[in-house]
Amino acid sequence: MDEKTEYWYSTDRDALLKRLRRVEGQVRGIQRMVDEDEYCIDILTQISAANKALRAVALHLLEGHLGHCVADATAAGGETAEAKVKEATEAIGRLMKS
Amino acid sequence: MDEKTEYWYSTDRDALLKRLRRVEGQVRGIQRMVDEDEYCIDILTQISAANKALRAVALHLLEGHLGHCVADATAAGGETAEAKVKEATEAIGRLMKS
Amino acid sequence: MDEKTEYWYSTDRDALLKRLRRVEGQVRGIQRMVDEDEYCIDILTQISAANKALRAVALHLLEGHLGHCVADATAAGGETAEAKVKEATEAIGRLMKS
Amino acid sequence: MDEKTEYWYSTDRDALLKRLRRVEGQVRGIQRMVDEDEYCIDILTQISAANKALRAVALHLLEGHLGHCVADATAAGGETAEAKVKEATEAIGRLMKS
């Protein structure tokens, strides 16, 4: 992994992975509810909770991306900066629709 | 399971579980991306995809719930019907915000 | 309007129109902020507030629709019921993505 | 307005105002539908459309904000940069939930 770029979140990796494993656990919990004939609304409530947790991870990643990757690009200026801002805005647009 | 209510989705269970296992796989894939220092935007794109998949499962469950549980309650009428409709609308509200 | 169907919300019309006029006012307020060079984040905050208000109107309409139009159709049963439930679920899907 | 900061969107003002006036027109159109007893689903469809239009304006403002206000702050570095990125991320979070 040495020739790979190490991103800002490498110092944050364990915390990020922990949150993502919790989301994985939530999704498995939803599977169990379906398996054990739980009431639809209760399952929907857990799906909202898993969505919310994923969203929180996305916002955390976004904040770091804006403060590091986008900031570095905008400091360099020019077309790279514009492309980086556009790319981030498009990712935000996808998150809003998902 | 005989004293447990068997909901409308029991005939749909395998398909639902298959979709939820796919979401579980997507979340594990996101963990791998974080573990392997993938670019933030690519991770965000996968989070949007996992959210979208969860949303599709939620809409499927909602359609069944409206067509079975809520329909039965509204056929019976009275307070149960109102409560069931309110409950479904609140679940939709949570999904919209999540 | 006599040959027109009068929907459940006719008894609710004034309250609905009042809320929608308030949203209209919020959108005009956002125009004023743009006109008067207000800070981007403050404008974004007002856009979120207008979105939220529109969402609340949508949820109110949805609850009434489920409790009246969909309930009547599911009481009648058959294909109309299924079509009505599908139609409502698709509207919910659009709201979630918007 | 001379002591007021003139933001990046001043060159974009007319286009932004035009889009916001269109949203205002959409909201008035929804009022007319309620006034004229239109079918709930058709009204919900128009609410989704108005929400979507507002979202597009928000994303446009966000892209400009990231490329100008946040970029200037991150170029300056330090606490202002962090605060600006945090502020933008919180605005994105509000938009996602609205």
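Labels for the chains are A, B, C and D, by order of writing; each one numbers its residues from 1.
We take it that a residue touches a chain if its C-beta (ideal position, glycine included) is under 8 Å from a C-beta of that chain, and two chains touch if they have at least 3 such contacts.
Fair warning: this is a prediction, and the values are worked out from it, not measured in the lab.
Here C-D and B-C are compared, and the pair linked by more C-beta contacts is C-D. With angles rounded to a multiple of 5, the C-alpha fit of chain A against chain D returns 180 degrees of rotation. Chain B and chain C, compared by their mean Cα positions, are separated by 23 Å. Spacing of chain C relative to chain D, judged by their CA centroids, is 19 angstrom.
For chain B, the set of residues that touch two or more other chains comprises 55, 62, 88, 95, 97. Those residues of chain A whose C-beta lies close enough to touch chain B in the complex are 1, 4-7, 9-10, 13, 16-17, 20-21, 23-24, 27-28, 30-31, 34-37, 39-41, 43-45, 47-52, 54-55, 57-58, 61-62, 64-65, 69, 87-88, 91, 94-95, 97-98.
On the side of chain A, the complex with chain D involves touching residues 55, 59, 62-63, 66-67, 70-71, 74-75, 81-82, 85-86, 88-89, 92-93, 95-96.
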